[in-house]
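Just below is one structure, and these are the notes that go with it.
All chains are identified by letter, namely A, B, C and D, in their written order; residue positions are counted from 1 within each chain.
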Amino acid sequence: MGGFCGVISKDDCVLDLFYGTDYHSHLGTHRGGLAFLGAAGFQRSIHNIQNSPFRSKFENDISTFSGNVGIGVISDTDPQPLIMHSKLGAFAIVTVGFINNIEQLKEELFEKNCMQLQYSTTSKMVGPTEVVSALIATQSSIIEGVKYVQKKIEGSCSMLILDDKGRLYAARDRWGRTPIILGKKDGAMIALMESCALDNLGYEYVRDIGPGELVELTPEVDITLLEPGKRMAICSFLWVYYGYPASSYEGRNIEMMRYRCGSALAKRTPTVADAACGIPDSGISHALGYAHEAGIKYARPLVKYTPTWARSFMPQDQRQREHVALMKLISIPGLIKNRKLVFCDDSIVRGTQLGKQAAKLYSEGCLETHMRIACPPLLYPCRFLNFSRSKSEYDLITRRYIRGHEGEDADISKYIDPDGECYIKMVEFIREKLNLTSLAFQRIDDLIKAIGLPAESLCTYCWTGKDVSMDGEGYKCPCSSCPCASSK
Amino acid sequence: MGGFCGVISKDDCVLDLFYGTDYHSHLGTHRGGLAFLGAAGFQRSIHNIQNSPFRSKFENDISTFSGNVGIGVISDTDPQPLIMHSKLGAFAIVTVGFINNIEQLKEELFEKNCMQLQYSTTSKMVGPTEVVSALIATQSSIIEGVKYVQKKIEGSCSMLILDDKGRLYAARDRWGRTPIILGKKDGAMIALMESCALDNLGYEYVRDIGPGELVELTPEVDITLLEPGKRMAICSFLWVYYGYPASSYEGRNIEMMRYRCGSALAKRTPTVADAACGIPDSGISHALGYAHEAGIKYARPLVKYTPTWARSFMPQDQRQREHVALMKLISIPGLIKNRKLVFCDDSIVRGTQLGKQAAKLYSEGCLETHMRIACPPLLYPCRFLNFSRSKSEYDLITRRYIRGHEGEDADISKYIDPDGECYIKMVEFIREKLNLTSLAFQRIDDLIKAIGLPAESLCTYCWTGKDVSMDGEGYKCPCSSCPCASSK
Amino acid sequence: MGGFCGVISKDDCVLDLFYGTDYHSHLGTHRGGLAFLGAAGFQRSIHNIQNSPFRSKFENDISTFSGNVGIGVISDTDPQPLIMHSKLGAFAIVTVGFINNIEQLKEELFEKNCMQLQYSTTSKMVGPTEVVSALIATQSSIIEGVKYVQKKIEGSCSMLILDDKGRLYAARDRWGRTPIILGKKDGAMIALMESCALDNLGYEYVRDIGPGELVELTPEVDITLLEPGKRMAICSFLWVYYGYPASSYEGRNIEMMRYRCGSALAKRTPTVADAACGIPDSGISHALGYAHEAGIKYARPLVKYTPTWARSFMPQDQRQREHVALMKLISIPGLIKNRKLVFCDDSIVRGTQLGKQAAKLYSEGCLETHMRIACPPLLYPCRFLNFSRSKSEYDLITRRYIRGHEGEDADISKYIDPDGECYIKMVEFIREKLNLTSLAFQRIDDLIKAIGLPAESLCTYCWTGKDVSMDGEGYKCPCSSCPCASSK
Amino acid sequence: MGGFCGVISKDDCVLDLFYGTDYHSHLGTHRGGLAFLGAAGFQRSIHNIQNSPFRSKFENDISTFSGNVGIGVISDTDPQPLIMHSKLGAFAIVTVGFINNIEQLKEELFEKNCMQLQYSTTSKMVGPTEVVSALIATQSSIIEGVKYVQKKIEGSCSMLILDDKGRLYAARDRWGRTPIILGKKDGAMIALMESCALDNLGYEYVRDIGPGELVELTPEVDITLLEPGKRMAICSFLWVYYGYPASSYEGRNIEMMRYRCGSALAKRTPTVADAACGIPDSGISHALGYAHEAGIKYARPLVKYTPTWARSFMPQDQRQREHVALMKLISIPGLIKNRKLVFCDDSIVRGTQLGKQAAKLYSEGCLETHMRIACPPLLYPCRFLNFSRSKSEYDLITRRYIRGHEGEDADISKYIDPDGECYIKMVEFIREKLNLTSLAFQRIDDLIKAIGLPAESLCTYCWTGKDVSMDGEGYKCPCSSCPCASSK
């Protein structure tokens, strides 16, 4: 996915940006980048962070940087920040999102006489950030440019822009699919995606930028240049899986949302078990909620080896690859043997790893494995954020099941209703395939309640196939007690 | 501290050793090293791992290595493995421990005509591993050499040796202060310090080597060359703090020991609180045990930012250093504000960080902070393992208190008894200084019971000032119900 | 200055391009780059070569490259090759030259709706190669694009283009200021700037591309897409200083041209001396010609320490900088003491180093230092190639002299005629300032004869202030015996 | 071979040692190393210099070093400087030489209770410098230690030692096979192997240390601790090939010695030719002497591409290796075609490259190739310096010829006399095999005269099979006019 951070200060802002960006490391694994505007113009550094943490890679650069304003990014796609000259002047830019119609936009730009775009030797394509900056530069100002980008792209795009006058802009995606949060301390403001970074850097939370809103930040205030739109469709999966537990989006904290998720699962599908357990990392919080609601112990039969497995890592040596699959998690046999365990996990994509993990648990003497999933079955691959865990339709175990039973033209929507026969059979199929004692997914209304925002403000496309950008409506929650009731 | 791993196999053992050593990364932060014996003789690689994880640093070397036998190490001291020529032939060696009398041993070696030892430009001294290998080489065989090392050194030393005939030796410290565990799979054996590495690499636990025991490993069997001693003094702190939760030493699992620690704390000092919480990482397990025993919620108001703060890290840029102190942990305000919280932590050394953390909690609205410490007050700096958290006497908050109240010549032993007046005043002093609502330390007898081994088998020197190596007796637990009772 | 190389072959061309580009290393010191088009699209690598030779920096990349066609560059300016998407498709491009009107071109591009150009954090400007590629992309085809570039830029530009269909284009500067030479072997063609690279790579010389000519190369033939212009103004300084001795441009070999230069100097200003000597590197060949004509010994009282001083090198440590000035050359005292020596050098720019060198020679006992300069006094800073040795007017010792004697508005042309009083006084001033026993510069007609091309085909701007691009005429040699006579 | 440099100064000596060591780069290609003693004890750095020049590799270290005394080395063998603790205290050491009996010395050391020596994973052996330091440490002082080393080793060893009191020692090989030269400037002294480094660093030549002499240097004076021996056997090949032209050993400059070599060749074997030419690098000076004596032109039909081929370089990519052989030298066709050329080269080892070069010259139209070799035929592989160009007997073209004609037990001494039939037939064989128009080798007496030292002071073993270390006599020159006459 990716994440970004921008700081403008009366003093040097290098360390705030360095650490602020670092706290977005869980959102991406490919590249990190920082750009500052100082007395000597723009400075920039971009590093590959696949095998070494962000901080290690940028440590040596830090002493060479200075400036009162800068932007940083953790990117899963193109190398960023870009720094571009245009008729609007020079500006640095970072983006987070996904552009479905990038090839079409490229052609339109060439038709408009945009001469050229850099070729990426990695992707053999143009980079989304450069396309965004070219779209901006077709317009008469950065304000018009941002408006134009939000109109043209299919997918999503939040961005930070730093121009050569030292002006720092933050523009949230049209539908607010990704968050941008503002913080403030004496003589400085910060814009970022993970609010958890505010506190340790001394910033107080100010507010979430609205969907489609464009603000300019000064060391003192935030000025709205484009008013927020009326509708929002923030990604629900940020709470379920992506976000860091200490962060809050739209005022809803992730850790506490996950406790509520676990709690809802325990209420809906009570189970007799010796302990509730989480699949690290995100499953831990879901399991804590489950354990408390169910009144059973929370235990850690599976611990993650964080000292060196903190991050994803794909070894280049063939001999190593075969070893890697289950390396991150280590079992504690005494907490497994002869026990009946409930496990919470964020979601099931392919199901492969979960099946292997279950087999391993049985081999270690586990009597029963009850799997509780914090969200409904994933039925539709993400079209808005390139949510990497479900790249293509048939990566999804649900879609492979449906294709196997109905062929490629099946009506997927039949599998949404958790009380419907299709859904029940599908879940039973998955349970059996993964050899689980029992399996239950979160219900969509429970999930929405756990988040605590109106259904109309959330993107639930991957579970419901509906989104506000498609029909102007999005998913309407049928229940009467959930937060969306307020907007009915 | 450091940790090591050795593998001998009928097949290539490179990956087993690579991953096996990697799983010791939490035991050290300075250097990692691997040595193999293959068709072309010894191969070796040593890297600095201070800013990048072990696996990243060795990934490129792996494809250049091959061999059926090898040894690896995570070292906090000298660069290892060493590979030496001697009249006993060539051999590779890794050590974990601490040699108090290294300067004296150096002089004795020079008197014996040992010509020279490498000068370390880092420490301006000779390295302990080279001294150990020189001591070995004064004797007529590796067996005699290991015996001689155990006799001569003051401190502790466990080691692995790989000779140029492909023989792999594992020798545990005379008093067994550090563990060595043997594992086996079809056609291979492994010796290591953290048993948690066995399972993911496909090895079954065989046994713990005894104190002072020397074994030779083949791909099939382990052969005892020096019988284990009768007395053991394994470091109790391995369970409290150092070890990885999934490991077991002498058959006692760490995670479960910590649950028992937390449980004992909850029994001895019940508290009215909204939740029990752990200071990551080791405090988490203690807190889980506390929560369950106390029947209150376990919650995570402080989460560690593992993606990039998994490991200790000392930035070189001055501006960065001031930022680092409290960066690892992130607060979740909603789990702190207006709450009464019990926190579990492994130990208190200086108390500085804990005091700052408490102040931060209050500033975030925490109503009460009840601190429960998983072990007794640290009164004596470690003499056996260079336990890095208490380098000198007056690093200890306890000793600074005692000096302040009684001067430098105080009788420290008066502060051991948890029911004695001195102890009670000292704890109250610490509580007040750190501004905690309440503070309680584990009692030594509860700690021993939580470990589950006889008191005579444990080193409790840092709490009791007594050790088997000093008086031939060690600490005798006064209680009648603890595991040591069996040996009374 | 910079240099480039392009290869198209029926087989893999990676090594031919790697070594072919490497043989241009003497033309630049900043960056090297290679781009190939293979089955997987474009591949590219760019490295800083300031502290390490081209080959060392690219050695590891070579095994990852494959392709039948590629382009490489040694660049003193922007990072190259660029690979761009445009409405003409994707193409890779390298350029050598200098664009005086780059800011104006940038503005024109923005007016034409070119949206953006990358900002260089090094130069705080846009890079010339990107501007060239943007100019090309404004047109309907690469042919029209190249034509347009040659029309728009003030300065010079030779270039290689590799498009995504695998077509390799070579376009020489409009006035042919820099050369492009074609070579051929069985199943492959090469285009490059230094013909000396042909032989060791197995290519036969085919021809020099004409001024303004655009050719497409196939593995078999070269096809002229734009006919060469009628007038040429190839840089004379290529022979005097820049080029590698074994290369030939327009059929005139550099080493032999330098022998003729030295010979002409010996004829014009005979001197009684013990030996003729060269200031390495280019002065060596001039001195050989001098020695033979004068019938005196050639000797090497100054040798260059090539093992590590092969290349320019600016140390980052302040203590080092003070040391560097005269480090490259080492004196042989026995060849200096009590001797009268003639020294040949390519040119005098500031004169600083030469003055220091002379002082050093005297201190070592040299009796007389007779300096012979292979070209006339430099009076006009280069406007076409950014000839780095004369960056600004008043870097030139001649211009500082003229300013000192006549002020800033002096008529420089008075100082061109070697028989005129102004010239004679200026040379005497320089001689005295540098404390030389005697000083003589080459005459322009002798220089032209040494090159062996008609005066009208050469750029002599730095000595004569005249150029074909300024008045359509360029410099007309007044003598009757020089090669230009043929065209009169 | 290798080279070293040591500096002791009243001020910081870091830069003098850095540049002083750098000027020995032509003597080795594997590793460079520097060690300083400063306020914080010893500092050391060792780098691989195979693909990047010494200065580039150490540039970043320089700013971290400080000290008034240090030693540096260019090593073709083990990583140096070593820094060792011993009963003599700590000391740093560098060595240049070759130890034939290293295995025997190792065993003797182990018998003496030397416990251990580091195993080199590169050579699978112990390193010569560590053996030397261990031998020193067996004795009661550094003086006795150096004496003992010179007695025990077979081969040669010159060394620098820096002890932990800041004392700098220079000890020349027993027979003076390699030189050590002392220089002095105000407040500093330097000891090194290449005198050419003195001048640019501001040092005046003081003297050559004598064979077997040990001196201690202070910033002011040199103090002889061990008197020089009476006999010297300095390597003659240092002048012929190894040394840098600007250096002098025992007062005889290399460049001028090579002029005399060329001159002697021209006198002995006059030839009708268009030009005299050198095979770079060492052949150049020989050819200059030849040209002047013969009264013909010196020309450069073969130039070395120094910008990137300054140093030997063995590429790792297989495709590259096939390209490398003749890459260093570039032909200038106009100086070859239809010409009769005399070429001077230092020596013939295998003859392979020379044969290929001759074939290339003919293919470029050379009419005649007359080869003149600056020394006699190499008949005996070097036993004293591991002179890398003749590693084993049958690497030598002479020995392969003799084996082919007489078998393995031939009397080699028959081939020494240049007027004898065996010699004449052998030279004719080589000429024919390499397809040369004519071939002549230097006569031993001419070579000795060119050096200008008495024959008894020179090692001529590779040509005569005799050496002072073998029979106490060495080679006696039969002629009456050579410098050795003075000692007859």
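FYI, a residue touches a chain if its C-beta (ideal position, glycine included) is under 8 Å from a C-beta of that chain, and two chains touch if they have at least 3 such contacts.
Quick caveat: nothing in here was measured; it's all calculated off a predicted structure.
**Q** What are the mutual neighbours of chain C and chain D in this structure?
**A** Touching chain C and chain D alike: no chains returned.
**Q** Taking the mean of the C-alpha atoms as each chain's centre, how many Å separate chain A from chain C?
**A** 53
**Q** What is the distance, in whole Å, between the centres of chain A and chain B, each centre taken as the mean of its C-alpha atoms?
**A** 37
**Q** At what distance in angstrom does the C-alpha mean of chain C lie from that of chain B?
**A** It comes to 64 Å between the two C-alpha centres.
**Q** Hey, what residues on chain D touch two or more of the other chains?
**A** Correct list: empty.
**Q** Touching pairs of chains, which are they?
**A** After working through each pair, the chains in contact turn out to be A-B, A-C, B-D, C-D.
**Q** Please output the residues of chain D touching chain C within their complex, sorted ascending.
**A** 12, 14-15, 18-19, 22-23, 25-26, 51-56, 59-60, 62-63, 196, 199-200, 244-246, 248, 253, 255-256, 259, 281, 285, 288, 291-292, 297-300, 303, 305-308, 310-311, 313, 315-317, 319-320, 323, 326-327, 330-335
**Q** Quick one: in the complex, what on chain B touches chain D?
**A** 40-44, 82-87, 90, 92, 106, 109-119, 121, 124, 126, 130, 133-135, 137-138
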